[in-house]
């Protein structure tokens, strides 16, 4: 378990690969677009010219990609992981994709003698940099144990949620609760301001009681200053709400608030705000309420 | 500011009156139904036979009642506070009622030479017992300062939210965010369980990230055991959602999630669950999803 | 039953009073603001200088007013109907107000020896002019029969819905279904246009099947031309949705779509569109979808 | 244009194939499960043993299947339409599937020299039997004109909605408006009954005004008798709402009511009611409102 191929050196993947280097793993990094390997090289890692080069000698292959189509291309393509990784190696997909895509990946990979874990993360860019991600893992127990040293280099809590796809399911539940609570806080902000309450004082009160949440505490500056510099973009949350709604459909769960929260996130994207922080759900409430704080 | 009339010795009011005694105030307690004054008497307080008896010599009158009709009867009735309290005394209504009711009360009381603060609380029975309530105050700054020793005997944080009614407005916002987040967690619980995830592990993961909240942490036992012993009843939350929806209407705010959350709380009450803890919103999601954990 | 006091000569009331004249009744009209009696006078009616003057000799008093506060002032005030109408006369309130307000009015009026019917209407200004309103009546059967000649001068269908307040209840249900279906059509319009479909052809297809409705047929020109010249204003529908939500609460019914439709109507009003036709719900969907047809 | 292969002889397809026979076309019918060809044979049609047998000599191939996976298997499979139909023939898919599936089918078929129209229908089994379906067509104008004699044997109105996929888009909009209006009526039914109104009288009143719709008129017996004998099943409407939500996502439209209506239809399916008529949305409102008419 010493050699790792890390595919996808974006905002999340790059610092994760660096942390693996620092923990003593030999890391071969690859990214579709060039020029992303600098931090990894500076940390002592290596840059691979292609997926086959990256994965050929790896014990573990990690993918950290935007969505299922990218994962599927990298996994199934003629120059992909399944065609070139060693039999017996372990593919850990840390992307956030639909549970059914993870299940399919595990099944197909098994035909190539490759084991798979789905291991999406929470904690954002800061959590990736600091190595304190929360990791939700689906797959076989033995594989999770084998991967534990890898996970411990990346995160603080590692939870084995169940079989293949259930790591993704927990991640989806996380995004569901998060979107709804974000929207709840956004509705409260406009309610409070239009009523003439001092917002900062009010948010502090709410934070102190049962209504308190990490959204209220951590997103308070965004709400107060209408600062939507992204730590997690509306566009990615939109992608995730698609997974939530589809999975609820597959599982047979009715999500009255989830269904409409998905529409409100979609509204932000339709209005051109995919690149803003997801706390910009506040802008939708302002719009609906004819409110311009000026 | 040494003599206090405390009207309403229920689940919340009784321990609050006791705490005022302990803090050195002379407290005359009154309750509509008899037999509620024991704890107050044991703490050195006194029991008044009527509202006029309770308020006649009081510097401060505190009301802690279920809803606006009770407050209005105690305030405006022929045997009520405005008719019998001293001119210059201070009426602190700590009930949760509609902001417009608080505004009207302040206006009418002023005609009787009585000042009013609206000061609803969060923190529940435990907060009342431990004297660590969160208190949201609306009214004049001078009156808030004058009442501060009283508030400090009852709570840990005292926030002056603005003019008359704005304490109630903040309380309403609190109940809005709380109901929505409770429902969000309920949707996640059924989503996770129907998908086959171990619920406790998953809730711990969610608690660790941006989706984490006091609801997730404190209501986890309720969700895990389907234990709906009330710490705050669905019926009271239903009353509060009525205030939320009405106030949003008055203020001119659109609450897409708030509007439907209010319907889901109303559904629980319509199904006969007014006496359960508000975490029983979970039962509604189970019902909608045809899910019986057994 | 030959002499009628008609109180409220607005957009609806004026042509209704005229139709009563044409049917042979002696009509005394009154309106709060002056200058509204011309059509009635031209039709042979009379103008009363005050409510007492209007009602003193009337067999039947009809009120057609914007909302409950106006009805209550005209009914209960010192110069109002109950103080000045003859014992034994019949008060028909054709305003759209909350069922509980109608129930209270019937109870209080009975103490004055005056019988009451609630009889809100559907059909709009055109229906009032043409005397083809749909009339929903709540109250005692004998009173409904006694009033039938009056109703037949005003409308085409007269439905006795049950006891006091149930006329208003049916009207509320009407406004509920109407708001939701209007919003449904608005969502379909933006869905179709953004997808590139010819709107007029598509609306014609929808009209031909089970999705077809009077909204689709009658509001098609509004949707096609974005013409929001009011036949029924958003502001009035907003008032009515308040009645719907409050009544559902009182009755114990959960309205998932009704709850959010009420918020969307409120949104339009908050955005300053109270004066537009209620088909302007389309503007809200455009806004949420970032869509400007130009 | 005289020889037609008709693939899918289910509830809808069988009477449609019969009507094509009656109109003078030579029809080769095929169905996956045997024993469905009797009505077609009785009408003078022929039964094909396989898809290749059915399509080999056909000028027009019609598919009438439950969903996209069935269409795709019949179209793309080794024994499928594209592999065995004549170059230059016209494939008319009258199934209700996602617009993007129709677009893909048209593109792939073009590579085989086969032209495609998407032509979903409204009007149900009765419309199929009577030959009065409403047909929404997407594709090239010339192909629509060529197919017109076929369509005229099947339906009363034929609307060319635009390019490939736009027939499906209009069908999706139809299902969107229909589901929402059905739910609106269901909410009104429980609202009216719990308030004590005579339901039949009230529904008649609503039907007469702007709230009136084909749902109110045609589904009145279902609502009155709680008769959920299916004319269109909840399960199929659930499939269609999936198409609606996915297409809205692709097009960039926010559907606040559509999003929650989809959840309520999903709820019915999760509760085991996929086989009931879609008017059984009423059961969900009863459940949420704790209402049992008995």
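Which chain is which? They are A, B, C and D, in the order written, and residues in each are numbered from 1.
We adopt the following convention: a residue touches a chain if its C-beta (ideal position, glycine included) is under 8 Å from a C-beta of that chain, and two chains touch if they have at least 3 such contacts.
By chain, UniProt protein names: A, B, C, D = 2-hydroxy-3-oxopropionate reductase.
Model, not experiment: these values are computed from the prediction.
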Taking each chain's C-alpha mean as its centre, the one farthest from subunit D: B
Selected interface, A-C versus C-D, where C-beta contact pairs are more numerous: C-D
Rounded Å distance, subunit C centre to subunit D centre (Cα mean): 38
Subunit A and subunit C: spacing of chain centres that average the CA atoms, whole Å: 52
Residue list for subunit D, restricted to those that touch at least two other chains: 248, 252-256, 258, 260, 263-264, 267, 270, 288-291
Partner subunit D, residues of subunit A touching it in the complex: 242, 245, 248-249, 252-256, 258-260, 262-264, 266-267, 269-270
Interface residues, subunit B side, partner subunit D - complex: 256, 260, 263-264, 267, 270-272, 284, 287-291
Partner subunit D, residues of subunit C touching it in the complex: 99, 122-124, 134, 136, 156-157, 159-163, 166, 169-170, 172-178, 180-181, 183-185, 187-188, 190-192, 194-198, 201-202, 204-206, 208-216, 218, 232, 244, 247-248, 251-258, 260-261, 264, 285, 288-291
